[in-house]
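Each structure below appears as structure tokens.
Paired with chain B in one complex and with chain C in the other, chain A is shared by the two complexes that follow.
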Partner chain A sequence: MRLLTHNYLISNVKGTKDGYPLRIEPSEVTVEESPFDQDLVTRILPKLDYAAVKAALSQVVDKVEPKPAEIPESLPDGEIDSPTLEALYHVLFNIHVIEGNLVCPDTGRQFPIKQGIPNMILHEDEI
Partner chain B sequence: MNERRNRKYRSVLPHEPLPKEEGGFIHLQGAFEPKKSEKDVEPYWTASSLELALFEALSVRFDDLKLPFPVQSVEILDLSAPFTKVRLGYKTPREAFLVTTTWRSLKLSPSEVFQGVAPFGSHAFQATMITTTPLPDPSWTRSNPPKFRRLLHDHSDIVARSQTRFVYMTSLLENQGPEFSNTFWKKPHAVLQAVREHIDPYDSSGMGIEIFMNKKQHELVQSIHLGTRSPADAQQIVKAFQGKNVAWHYEGQSISSGVLFLDYATVTQKSMSKSKAREKGVEPGKGEASRPECTSTTESIRVPGLVLIEDYLSKAQEEVLMAVLTGPQAPWAPDQQNKSQTGDVKRLVQHYGYVFDYKTADVLRDRSGPGANCPPMPAVEGENRLEEQAADGRGWEVLAGIIKKTRAYEFILDSKEPSHSTSTSYNNLNQLTVNQYRPGEGIGSHVDTPSAFGDGLISIALNGGIVMEFRKVDSPKTKKLVYLPPRSLILMSGPARYEWEHMIVTRRTDTHNGVVIPRKLRVSLTLRTALTLDGNPLPLVESPSFPPVWGDKAKDKSRSFSTPSTERDHVHAVYDAIATQWHHTRGKRGVLWPGATQFLKRLPIGSVVADVGCGDGKYFPAVWQAGSYVIGTDISRPLLETAFSAEGDNVPDTRRVGEHQASLRDRPAVIVGDCMNVPFRSNSVDAAICIAVMHHLSTPERRIRCIEELVRIVRPGGTINIQAWAMKQEENSRRRFAAPDVFVPFNAQPKYLDKVDLNSSSTIPTPTDGKSHAPTESKSVAELYSENYTKADFDERKGLVVFQRYCHMYREGELEHIVQSVEGAKLIESGYESGNHFVILEVL
Partner chain C sequence: MASSLQLQGSNNNNNKDERYLVLVEFAYIHLNFQLAELESILDMYGIKLGSSSSSSSSSDCVVIPLPGQQQQQSKPSSQKRRPYVILSFKSKDAARLSAKQKSQEKWDFATTTTTTTKVDVKNAGIVDILSRCALVKSILELWGRGCSIEDCAANTKHWTTDTKIGRSIFQKVAADASQSWKLTIHTLGTKYSREEQENMRQKFSYLGFQGPVRMKEPDNEYVLIREVEMDGKASPLHAVLSAGGGETKSGPENNDDDKFPALGVYFGRKLGGTSKKGRGGLEQYNLKHRVYLGPTSMDAELSFVMTSFGQVQKGSIVFDPFVGTGSILLSCALRGAYCIGSDIDIRVLKGRSQDENIWKNFDQFNLNRPEIVRTDNSIYHRHFRSHRPLYDAIICDPPYGIRAGARKTGSRLETPRQILDEHRHDHIAQTKPYPVSDVMSDLLDVAARTLVMNGRLVYVIPSFKDFNIETDLPRHPCLQLVHSCYQPLSAELGRRIVAMKKVEEYDESRRDNYLTSIWVNGKESAEKCANLRDKILEAAKQKPGYEEKAAIRREKRKAHKHAKKEAKRRSKVDIAS
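What follows is the complex of A and B.
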């Protein structure tokens, strides 16, 4: 699961007040380099919840090797320079949580991640 | 004399026609031995002196011996005492034949032949006709006669029927007792002889016709098999004798045959025990199909009040009814409530109107009482439009229409005697029982409880034909067998309803007019008039809403969206099992619906797309090619895992991605999730696609919910593309759907089947090399698999596991109609493409 993907995920267990963002508890993280797609990351950035991106990074960074470049505290208005975009691209696209849990900030409900695939299926009593 | 001695003789087999040769010969096997008391006396017979004595006895005094003809020659075949083998020569084969048959019935012994002149024993001779002509078929001997089976009338035997030279003939004699005892009773040869007289003229080859008779018929020969010499002769004989009465002549007596019935037959492998087969070093042949009693044997029996109407339903009506009554919405489907299984009946049963309780054998008149809850009778308003509704897949409407038609139907009773014929109709039919008989299931012999149901029981048959047996209550030996073909209606009224029991034997085949018919799945609709205790019809309980709502099943207000068992068993579990084959045969090939790819191409670059129900990620490459990012969700984890599998060679264009997207392809973003609760935050993604998902949702509420979720997760101004299977498929498509809710089979090859973990703890290893593997124990992977997965069938012939996928096919306008119930989005485009309906929405 990339951090980009994580940005969209919520817990919709019945009765949850606010199931976003899910806290990542990683047990295995991998970094895979990929060609920097400046266009794609530029277009996607405005759609994301940036605070959640930062939170997610802080939750996985200990397991990331090598350590990723710093990303800004908040997204600058107007054009973003290339090195920053690269750093952002790297964080969003190249860090993959392979094993771990996604935890609901409200209820603490854990959604397991196995082989990079989060399981968000709700139980009978959660629907 | 000597040269005759050297010729090779053999017994004439019972089925053979008379040999065509000069002279006829008989072999006598017996003991020309002195009586025990005279043992010590020196034998004074020599071969030649014995020959002379015999000759004298059989030629001069043949009449005294009651033999029909004088012998022409006698040869003792033994060179010295004891003399046990004699060959008699007669003028013609016919003479020899008649002498043989007479000899056998007279049981002549040496002492009788010599009439006490010589001191020989009284043990009868064995007389056998012999011949020098070669055996027409050396594999058939007296100890190994051929076995026959009648040829079926279905496609599997059609060619054989025109090419066989064997004819089955039955009803040779009218059902008479020993009145004709002197001539035919216990004299099978007499019957055969009489038959020969009639059929020999049809032999075009000059070699004569074989007649085979089952040994068990020594009292009364009713049926035989003829072996003509060519199919043409066989066909001539069938044509000449079918349905006729014939007079048999023998020894001056004349007897009438029954109504002759003929059919084509073939020789089957004689069934051999395994040990015998091993001994012979051959494969044990399969035994022939069982041959239950044939309907033709009761042809002449009449049951008053029994009326059979064939083709009561059209094929289209039958098809839609079967689709509705055996498909996912069948009355006994797992998600249905108030199922009618009561008592110990094995077959599946559902009552409408009033419940019939098999334990008490009575109608439950108080519909609010325990166990009396059942759906109302289906009703339809207005004129019947059966064909139109059938074409549109409206099975319940068709059922309601059939009930209406049957209530108004004028049944003609006693149609054979027009002057006495009466017509009657049963306007008060208020009870319907739908029965499903799997092959082998039947129903015990009974008269329907007279106080429970009025006169006029009607049963309509769907899909499979069956033989129903009727037995007269006060004389159970009087029996009537009736074949009920599919789409027929049978009415039991008057005596047929009250004085005859009816039943269906539990077995897998029926025999009708000589043809063995294997049983198929059969659904019957039984319409009756349930009565009050006073004998009046109970009030009609009917409803025009479909599917019939049972009892007090209130609408579930809580809107819980847990998975119904239909989808759990027939969608989720199926895709879990077939994931690998699905990916190999659908996903990898990259055949995409053009409308969906167009939709994705039109999206602005850099869109984030949700693919809800993405399966193996078939559409991901199309999103990446369009420069966007896709997150897929699906309920089947095995399917999602196939999205990670390597492409291999020959990647189709639709799945080709550039360098930039290679990393996306290597790690596609997928999530295990249910489309009832899509785990995305609201108003987040730019677009959503939902392809081939809606047709797996089994209720209108779930279909609405799925669209609601799509609308929720897409941002205002974003678009949604939904595509689902249409009921009306393309002209040249192999698929046809008779009703909206159906099971669509998927044939799974054993080599693709994934690990089984559904009902047992054992798992079957997944072959990873793509080859099919040797079976474990004596079962194939496929068989083992289908045993573990109880919802699948095993197709023996093809060695495939057949899964039934639940599908709801959409009618024109149906998707648009559902969208209307969803707030927050508007319909911007809809249409039909390649067997699918699609809608495109814009979120407001």
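What follows is the complex of A and C.
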């Protein structure tokens, strides 16, 4: 699971008031380099919840080797310079949580991540 | 009904002849999809295909009839599909369109669709554009055409001597003594003797190419194509036997002229084509080479055609809500897309083993792995926060209950049992059947919400012959129908690939209204794609010999089961001893 994906996942178990953002409890994290795509990351930045990106990074960073470059505290208005875009691209696309849990901030319900795939399926009594 | 081509304005130098013509030759497969794929790819470059009835001189790109074809194809299905299309462009675009590098002339579908190419609208040549079509085999700069070789030669002579554009191109390539050339004849599987082929070449010798002849990699390859009618299996179709009942004799020159009458003859300069004799490298994506397959994997050509319908390109964000073994996403990734797939079924996602799973197919071709999540598309909005439109394309093959039943989360019970906290972590969620009509409504609703403006939804839907596009396709006010192409699989059953485009922003307050208007004829038309397994079984039962075949199958299954039991028993005995 990449951090980009995490940015969109919620817990909407019956009775949950606010199940976003989910807290990542990683047990295994890998880094897979991929070619930097400036257009892609530029297009996607306005559609992200940036606070959740920063929170997600802080929750996984201990397990990330090598340590990723710093990303800004908040997204600057206007054009962003290339090194910052590269750092953002790396954090969003290259860090993969392979094993772990996503935890609902409201109810504590855990959604497991196995082999890089988060299991968001609700149980029949949660619908 | 063959008549020689009426040359429009052949005696006066009028606008209709001052166009740059390109002959597109398609592979002889998926004929119903060819023009649609071409349209979608051209649209990616801002080129809208006009019909020949509109004012030809003002449109940027128009399809003109093939020799022998009627002006307007009013009933396209009644006319037999021919694997050629003539595109007519403005002559001022000729230089830009025909520009190409030597390295691009023979394209390998693999390399032209990898992650390195971006759509460059301003500078794209026709080879850049059309090499993205999985179904295109070659592209000719068309110099002349006709219903016979003589007509074609006359038409070519007219173009190269009487039109400004023809003369200028002729000067540039044919009159240049430094450019080597060769002339190839394509007779599409019909046979011609050496002398007869030489005769055909002679009809064009008036062109007087100045440069030297070179067989291997000449600067210019001229092509003469004699199109004949094909049978369903890409072989030339024999002409109808003469009234006397005897076979029509071959001509005295020992050629196939009479047995295979020409539908059209074309002469032109080759701009590019697929590199291998067959399919330009498409074979390497054939399912038989894949590491991981399932019963629902989609064949390679059709997957690529779906990506063309979806206008997938480098940097596109593509979502497949029924990803299964990932065969569609693989084609998207090969086009350079960032892929996200979801499925409710853990078995296909996990695969059969460490070496046979969805990741391995991507590793096999050196692609970035797609994002996979386990979610239920019927409750998309309960898995994903409401977000600004994100996907450039949603491309999928929804489960319609033939080989893979559709499921959604939830219990069949009114009040399901509460799951204890200590069991929560290991609990396997119950699922219940998910009617096809709901699968499609939810799909269209998710697409309307999450696609960017002009983004595309492409999906497969099975249908019987009694399917009516107007009333039986699901619809949504935010989505406009772009293509609907039918692939027959048997006499009664076929598959339709549908492409829709988002044209209106989703209005949350109208959600209920959207969902109720998806099926125009209500449940009745939704029924047509539901319960197909039962319908196929019913249809099969009507066929003669069904009972005998069913009995044979039962016997086989019994024998197989017995053999397995025996093998198990024997291995147990071996272990014991």
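Miscellaneous remarks
Going forward, the second predicted complex is superposed on the first by the 127 of 127 C-alpha atoms of A that agree within 3 Å, B and C clash if a C-alpha of one lies under 4 Å from a C-alpha of the other, contacts with A are read in each partner's own complex, and residues count from 1 in each chain.
Please note the rule applied: a contact is a pair of C-beta atoms (placed from the backbone, for glycine too) under 8 Å apart; a residue touches a chain by one contact, two chains touch by 3 or more.
The model shown is predicted, which means the values in this text are computed figures rather than measured ones.
In the superposed model, A:L88 makes contact with neither chain B nor chain C. When the shared chain is aligned, chain B and chain C each come close enough to touch A:M1.
Of the two partner chains placed by the overlay, neither chain B nor chain C lies in contact with A:V29. By the touch criterion defined above, A:V97 lies against neither chain B nor chain C after alignment on the C-alpha atoms of chain A. In the superposition on chain A, A:Q110 makes contact with chain C only, not with chain B.
When both complexes are overlaid on chain A, the residue A:A56 reaches neither chain B nor chain C.
Common to the chain B and chain C contact sets on chain A are residues 1-2, 4-5, 8-10, 12, 20, 32, 34-35, 37, 39-40, 43-44, 47, 49, 93, 115-122, 124, 127.
Chain A contributes residues 1-2, 4-5, 8-12, 20, 32, 34-35, 37, 39-40, 42-44, 47, 49, 93-94, 96, 115-122, 124, 127 to its touches with chain B in the complex. Of all the residues in chain C, the ones that touch chain A in their complex are 115, 118, 314-315, 317, 338, 340, 344, 346, 349-350, 368-369, 371-376, 379, 381-385, 387-388, 390, 409-411, 413, 416-419, 424-425, 427, 429-430. Listed in rising order, the residues of chain B touching chain A in the complex are 560-562, 604-606, 608, 610, 627, 629, 631, 633, 635, 637, 640-641, 659-660, 662-664, 666-667, 669-674, 676-681, 684-686.
Here chain A touches chain C in the complex through residues 1-2, 4-5, 8-10, 12, 20, 32, 34-35, 37, 39-40, 43-44, 46-47, 49, 93, 109-110, 112, 115-125, 127, going by the rule given at the top.
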